[in-house]
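Per-chain residue numbering starts at 1, and chain names A, B, C and D are given in the order in which the chains are listed.
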Amino acid sequence: MSTMTMGKALNEGLRRALADDPKVLLMGEDIGKLGGVFRITDGLQNEFGADRVVDTPLAESGIMGTAVGLAFRGFRPVVEIQFDGFVYPAFDQIVCQVAKQHYRTRGNVKMPITIRIPWAGGVGAAEFHSESPEAYFVHTSGLRVIAVSNPQDAYTCLRQAIACDDPVVFFEPKRLYHTKGDVDLETDLADAAPMGLARVVREGRDVTLVTYGAMVRTALDAAVAAEDEGVSIEVIDLRSLSPVDYRTVSASVRKTGRVVVTHEAAREAGVGAEIITSITEQCFHYLESAPVRVTGHDIPYPPAKLENLHIPDLDRILDGVDRVMDHHHTATEVRS
Amino acid sequence: MSTMTMGKALNEGLRRALADDPKVLLMGEDIGKLGGVFRITDGLQNEFGADRVVDTPLAESGIMGTAVGLAFRGFRPVVEIQFDGFVYPAFDQIVCQVAKQHYRTRGNVKMPITIRIPWAGGVGAAEFHSESPEAYFVHTSGLRVIAVSNPQDAYTCLRQAIACDDPVVFFEPKRLYHTKGDVDLETDLADAAPMGLARVVREGRDVTLVTYGAMVRTALDAAVAAEDEGVSIEVIDLRSLSPVDYRTVSASVRKTGRVVVTHEAAREAGVGAEIITSITEQCFHYLESAPVRVTGHDIPYPPAKLENLHIPDLDRILDGVDRVMDHHHTATEVRS
Amino acid sequence: MTYTQTTDADTASDVDHVARLIASDGRRVNDPTLDAFAAEITAEELRALYRDMMLTRRVDIEGVALQRQGQLGLWAPCRGQEAVQVGTAHALRSDDFVFTSYRELGVFVSRGAKAADYVVSWRGEEHSTFNPYDLNVATPQIIIGAQTLHAVGYAMGIQRDGSDESAVAYFGDGATSQGDVNEAMIFAASFTAPVVFVCSNNQWAISEPVGLQARHPLSDRAPGFGIPSMRVDGNDVLGCFAAMRWALQRTRSGAGPAYIEAVTYRMGPHTTSDDPTRYRDSEEVERWARRDPIDRFESLLRAEAVIDDGFVASVSAEADALAADMRNAALHAPRRAPLGVFDHVYAEPHSGLDDQRRQFAEYLDGFETEEAQQ
Amino acid sequence: MTYTQTTDADTASDVDHVARLIASDGRRVNDPTLDAFAAEITAEELRALYRDMMLTRRVDIEGVALQRQGQLGLWAPCRGQEAVQVGTAHALRSDDFVFTSYRELGVFVSRGAKAADYVVSWRGEEHSTFNPYDLNVATPQIIIGAQTLHAVGYAMGIQRDGSDESAVAYFGDGATSQGDVNEAMIFAASFTAPVVFVCSNNQWAISEPVGLQARHPLSDRAPGFGIPSMRVDGNDVLGCFAAMRWALQRTRSGAGPAYIEAVTYRMGPHTTSDDPTRYRDSEEVERWARRDPIDRFESLLRAEAVIDDGFVASVSAEADALAADMRNAALHAPRRAPLGVFDHVYAEPHSGLDDQRRQFAEYLDGFETEEAQQ
C-alpha cells in the first residue's frame, strides 16, 4: 500500500499491463516523449520502446481504426484520447467498428481495446476541453463504460479494463489526476472487486445519492453537510456506467426510498435518466418521492469562468436532496 | 388536401422550400440524378440545378463541415445522410460545430441546417442500414430533434425545420416512406402546429403510450387490441424528441396514471429513459405503477431476418401494457 | 523523394493511361514495370486465375437470381470486376490478411470461401458466416472506407510480430473521399506499415461518377503521402496479379505500403436495389462490355493453349455446382434461435444484457405457454 | 494535369527547399514565381506588414505574461510565426472570409481585432468576444482541422452568390493528418471552390515532429488532389504575402483552390501549459532564432530605407499601448451574468431549456433570499 496521485496510479497501471502482457500497447497523440499532456504515460516509451508506446499522427479516427486492426491481429491496444472533446472524430470507428465487431463476427474477432479519456471539467480549461460524453457510449451496445473516482479504482479498473476481452471506454476525471490516495499495487486483480461493481462510499438511511467520477467527492461533501441538517445520505459511486450494478443501487434505494442522481454531463437523455428509469422500474413501490436529477445544464460547455454555474456543486446537490425529501415537491409538480 | 406517400410529401416539402427561399440548398450523396436512394429528392436537381441540389463527394464529415461553412455564408443547407448508420463520420462536425456554433459566437452565427436521416429498421435492410441513433442527438445540447410518423407531419415539420434558425436533426422512418396519407400542402406554415409539439393520436383513459416515428402505427394497433381487452390507451406521438412537449405528455399521464414508452432504439440511456425520468419528475404523485419501457434490446442491430425480435411489436407493447397495469409488477421487482 | 508509378492520365475517369499486360482483344502486351512480376507465372496458376474468375462470375449471376427470386435481401453485383479481385488475391499468400468492402466476391472465391458464405449474410440470417481467421479475410465492411484503417492497424501488428505477412485493404473509388481512407495512407506511410491499398475504380459510387470524387487520377494521391502507386488496367487479370506482386515486393521487403488503382467498371447496378438507367448511358456499359475481363483472358489462354474446350467445360460445370450449392445454402440457411440475437454482444458476462436476455426469454416462454393453453 | 509548385525537398521537415524573397540575413532574393506577385508592393504596405508583425509579437509577449500572472487560463504563443500570419492576411481583401485555428494571432491583428478580442476568451470569460461578420474571421477553431471544411463550404457559398471573394483556411502541420483536412481538399477540388489552404508547418504538433505526420513535404499532397501548391519560407513575410497573392489570383479567377505550405517554427511552447524541453533540443530553437521573421524583414526595410529609427520607435510605442489595452481588457473583463450561460444555445425559443433556465433562476433567487435572511 502506498500513497500516490490518481495520475501516478494510472501510470503504474499502464506500466504493469505493458510489463505483464506483450500484446498490450499504447497509442495516442503526444504519449511518447511528452508522456501525454497529463503525463499519464510518463516514462513508458523510454521503458517499453516506441513500438509499444506509439505516438500516432494527429487523427483520432486513424488511431481508433488502426487499434481495431491491431485487435484483429491479437493485440490489446490502449488508446489515449487527448481530451474528452476530441473523441468525436473517432466516433464512427468506436460505434460501428469497435462496439460491433465481436457481434458481427459471431465472437470470432475480439476487440479488447481500452479507450482512455481524460474527462470533464472543473480545471478551468479551454473550450472543448471539458466535455462529458459518457452517455453516448453508455447508449452504445457492445461497449463497457467505466468512470473512476480515486487512485485505487483508477489502478484496479484500468488493469481490469485492459484485461477485459470487450472494449472499454475508460473515463478519467481530469480534476482528480492530482488527488492522492492509498493504492495497493499488489492487489490480486482476480480477487479485486470487478470493475462492473458499484461501491457504497458512505452509508446512510434517508437518501441514496448516486454519482460517479469527480462528482463522488462533491457528493460526499454534500452528505457531510446534510448530516448536520439531520439528513443521512448514502453515497454510491457507480464506477461502471455500463453495465450499471443495479443490485447495489436498488438495494440502497429500497432502504432509503429516495434517490438523487448527480452528474456533470447535460441532463437530457443523460446517464441520470437511465439510472432513474431503471431504479423506478425496479423499486417503484419503495420510492417515497420523485427521484431527482442534479446535472449540468442542457447547454454547450460554458466558458471556464462560468463552469461553476454548470457543474453541480454542494449547494445544488443539497437543493436536490431538499427536493427529494419533499420539501418542495409540490412546487416542482406545479411548475411543469 | 391530397393523398400522397410520406416520400412524396417530403419531396414536395423540399421542392417548395427550394422554390420559396433561394438560400435553401440540398446536399448529399446521390441526391441529384438518382434522386436519392429513396427518391426523396427526385426531380429536384432537374428543377433547381446542380448548384442547389448538390451531389457531394462520398464523405459525411465533408458534407456536414461544408454545410457549416455554407451556413456561415447565410445559406440554409438541407443535408441528406444516406442511411442512419452513416451519420457517425459526421458526428464530430454535428456535435462540436453544428450544435455549438451559435453558442460560441454569442448568437452571431446561425446554423439553420436540417439534417435529414432515413431512419430505423423494419425494411429487411443490410447491416448498418437500420440504426436508431436519435438518443445521441437528443443528448447533444444545441440541436433540435424531430421524428415524423405520417405524410402531413413529414411535410409540415420538414418545412418548419428548414425555416428554423436552429439546426434540426430530422428523422424519417424508412418503413413509412411508402405509407400514404392526406396532406394539405397549402397549410400556412405559421398557423400549423409548431414542430415542437406532441400530438395525442388517440385518446384513452387507462394508460399513456408514448412513442414516435414508425412505432406510432404499432402503438395504435396495440391500443386497438387493448381496447378489446378493456384497456383504454392514450397514444402520444412525440414528433419532437428535443425539446419534448412535456405539457402534453404530463397532462395525459396525470389523467391515466400509467405510462409505457416504446421505441425501437436500444434501451440503455435511450430516449425512453429521458421521457420516463421527466414524467416521473413531473407526475410522480399521479403515477399508479412503475413506468414501463418497451424498446429494442441493448444489442447491435441484428441480422435482418431477426429484426422482428428486436423491434417492439404489438405483443411486446401489450406485454408492457400488462406490466404497467400491475399484472406482473411483483415479478419485475423480485427479479432485479 | 516521392516514388510514383502513375501515368499521365489527366482525369480520374481515364481508362487509357494504365499499365497492362493483356489488351482488351486478348493480346499479350508489355509493360516495363509489370512484365517482371508476371514473368514466372505457371500455366497452372493461369488456369487457377481463369477458374476463379469464372466461379466469381457464376456466383454473382446466381446471387442476382436468388435476390430477384426473393431469397436474398440484397446483392451487390461484382460483374466486370473479376479481374482485379481475383488477380490481386491470387498474388497473396494465405497468411496475408485481407480487409474488403461488400463487393469483393472474387477475393472470397480466391480465398476458398464456402457456398454459404456468399449468401447467408445477404439473406439477412447472419452478419457473417465465416471465421475471419479461417480465411484470413475480415467480415466485409459496409461503412465506406473504415476497413482501410483496420488493414493499416493489422499491418502495424505484423511489424510488431516481426513477420513478413502483408495486410490488404480493398475499397472503391467513392471510398477515396472518406477521411478514413486518407488517414489510412498517412498512418501507413508514417509507420512504414506492410499494407497494400487496392482501389477498385469502377467509375461509379452508386450514381456518382468518379469525376465527382476526384479531378485527377486517384492513384496520383498516394505519392503525395509518400506511398508509391500504380495505375493498372483492372480488367486485365494478369496486370492486376503483377501489380499486386509489385506491391507485395515492397511490403515484404520492409519498404512500407503500396497503392494500386485498378481501373475497371461496375457492369451491373450498384446493388439489386439500384436503377442505373437513371444516371448512366447504356452506351457506356456497352463500351465496357467489350473490355470484359474474362473474355480477354480466355482469348489469351486459348491462344497460348493454356486452356482448351475441355477445361472451360469443366470449369463451367464446377461453377454450376457451386451455384447449386449456393442456392441450396440460401434456401436451407438455418434460422438463428430467437435468443441468438443476444449472443456475442460481449465476450464476457454483462449484467445488464444478461438480465435483458433472461427477461426476454421469460417473455417468449410466457408466449409459448399461452399458445399451448389455447 | 497536376500543376504543382513544390520543390524537391524530400522530407516533411525540410527548411531549405522553399520559395522565398527575403533570405534569413535580410537580403532580397529572387523567386521565379513569387517575384511577380511582390512587384507592385508599396512602401506603405511594407511598413504596414512590419507594424502588424511587431504588434503581433508584442501582443503575444503580453499574452504569455498575463497567463503567467494568472490573468489568463491559457495562451498559445505564436512567436516565430508572425510572417506567415501577417504576410498572408495582408494579401486579403476585407471581404474575404477567414477560418483560423487558435494560434493565428497575426491574422487577427491584421484584420483589426480589438484588444479585448485577444484576451477575454483565453481568460475563459467568453468563447468569443467579436462578431465574426465584423472582422470576416470565424471564431478560432479548437477542433483540429474542422475549420478547413467550413472554409470550403463558405467558398461554395461565394460561388453560389456569384461573387469574387475568397475563403481562407489556416491550419497547422499536425492538422494535415485529420480526415477533415483531406476531405476539405477533395471537396474544394471537386467544386472548384475559391478557397486558399494555408498550412503553417511550424515543425511541431505539441510534441510530435512533422516527420511523424508526413514522410514527404506536406505541400506535395495537394497536387494529388488536383490543387496546385506552393511551399514558401514561412519566416519571410514578403514571400508569404506574394504566395498568398499567387493563390488569390487563382481563386478570384475561378480556377479553384490553392494550397500554401509555409515552413516556419513555433518558437515557444505549444501553449503555456506545455514544457517543450521534454521533447526538443534548445539547439534547434536557437537555430530558428537566427531565422527570425521580424529581424530579417527589419534589416531589409532599413537597408532599403523604407523604415527608420523613428518609425520603429513609433511602432514600438503603438505596440506597448496595445499591450496595455490588452492587459486592461483582461483585468476588467466583464463577467457574464450567471443566467448568461443559457444565452444563445438556441436562436429560437426551446421549451426544455427555457424551463431549465427558469428553474435555475428560481434556484439562484432562493439562494439570494436565504443569504439575505442570514
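Convention: a contact is a pair of C-beta atoms (placed from the backbone, for glycine too) under 8 Å apart; a residue touches a chain by one contact, two chains touch by 3 or more.
Please read all numbers here as calculations on a predicted model, not as lab measurements.
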| item | value |
| --- | --- |
| Contact-richer chain pair (by C-beta pairs counted) among A-D and B-D | B-D |
| Most remote chain, CA-based centroid, reference being subunit B | D |
| Distance between chain centroids, defined by C-alpha means - subunit A, subunit D (Å) | 36 |
| Chain centre separation (subunit C, subunit D; CA means) in Å | 44 |
| Separation of subunit B from subunit D, taking each centre as the mean of its C-alpha atoms, in whole Å | 40 |
| Separation of mean Cα positions, subunit B and subunit A [Å, integer] | 29 |
| Shared interface positions of subunit B, touching two or more other chains | 56-57, 59, 61-62, 85, 88-89, 92, 96, 103-104, 127-128, 141-142, 242, 246-247, 268, 297-300, 336 |
| Sequence positions of subunit D contacting 2 or more other chains | 126-127, 143, 177-180, 183, 186, 190, 212-213, 345, 352-353 |
| For the subunit D and subunit C complex, residues of the former touching the latter | 1-2, 8, 10, 176-180, 182-183, 186, 189-190, 212-216, 220-226 |
| List of subunit A residues in touch with subunit C within their complex | 25, 51-52, 56-57, 59, 61-62, 64-75, 89, 92-93, 96-97, 101-110, 112, 141-142, 144, 164-166, 196, 242-247 |
| Touching residues (chain side subunit A, partner subunit B) in the complex | 61, 85, 88-89, 91-92, 95-96, 99-100, 103-104, 127-128, 135-136, 138-142, 242, 246-247, 250, 266, 268-274, 276-278, 280-285, 287, 289-293, 297-300, 329, 332-333, 336 |
| Interfacial residue positions of subunit B with respect to subunit C in the complex | 29-30, 32-35, 37, 55-59, 61-62, 85-86, 88-89, 124-129, 267-268, 297-300, 302-306, 309-310, 315-316, 319, 335-336 |
| Residue ranges of subunit C touching subunit B (in the complex, touch as defined) | 73-74, 102, 121-127, 142-144, 174-175, 177-180, 205-208, 212-213, 273-274, 278-279, 335-336, 338, 340-342, 345, 352-353, 355-356, 358-360, 363, 366-367 |
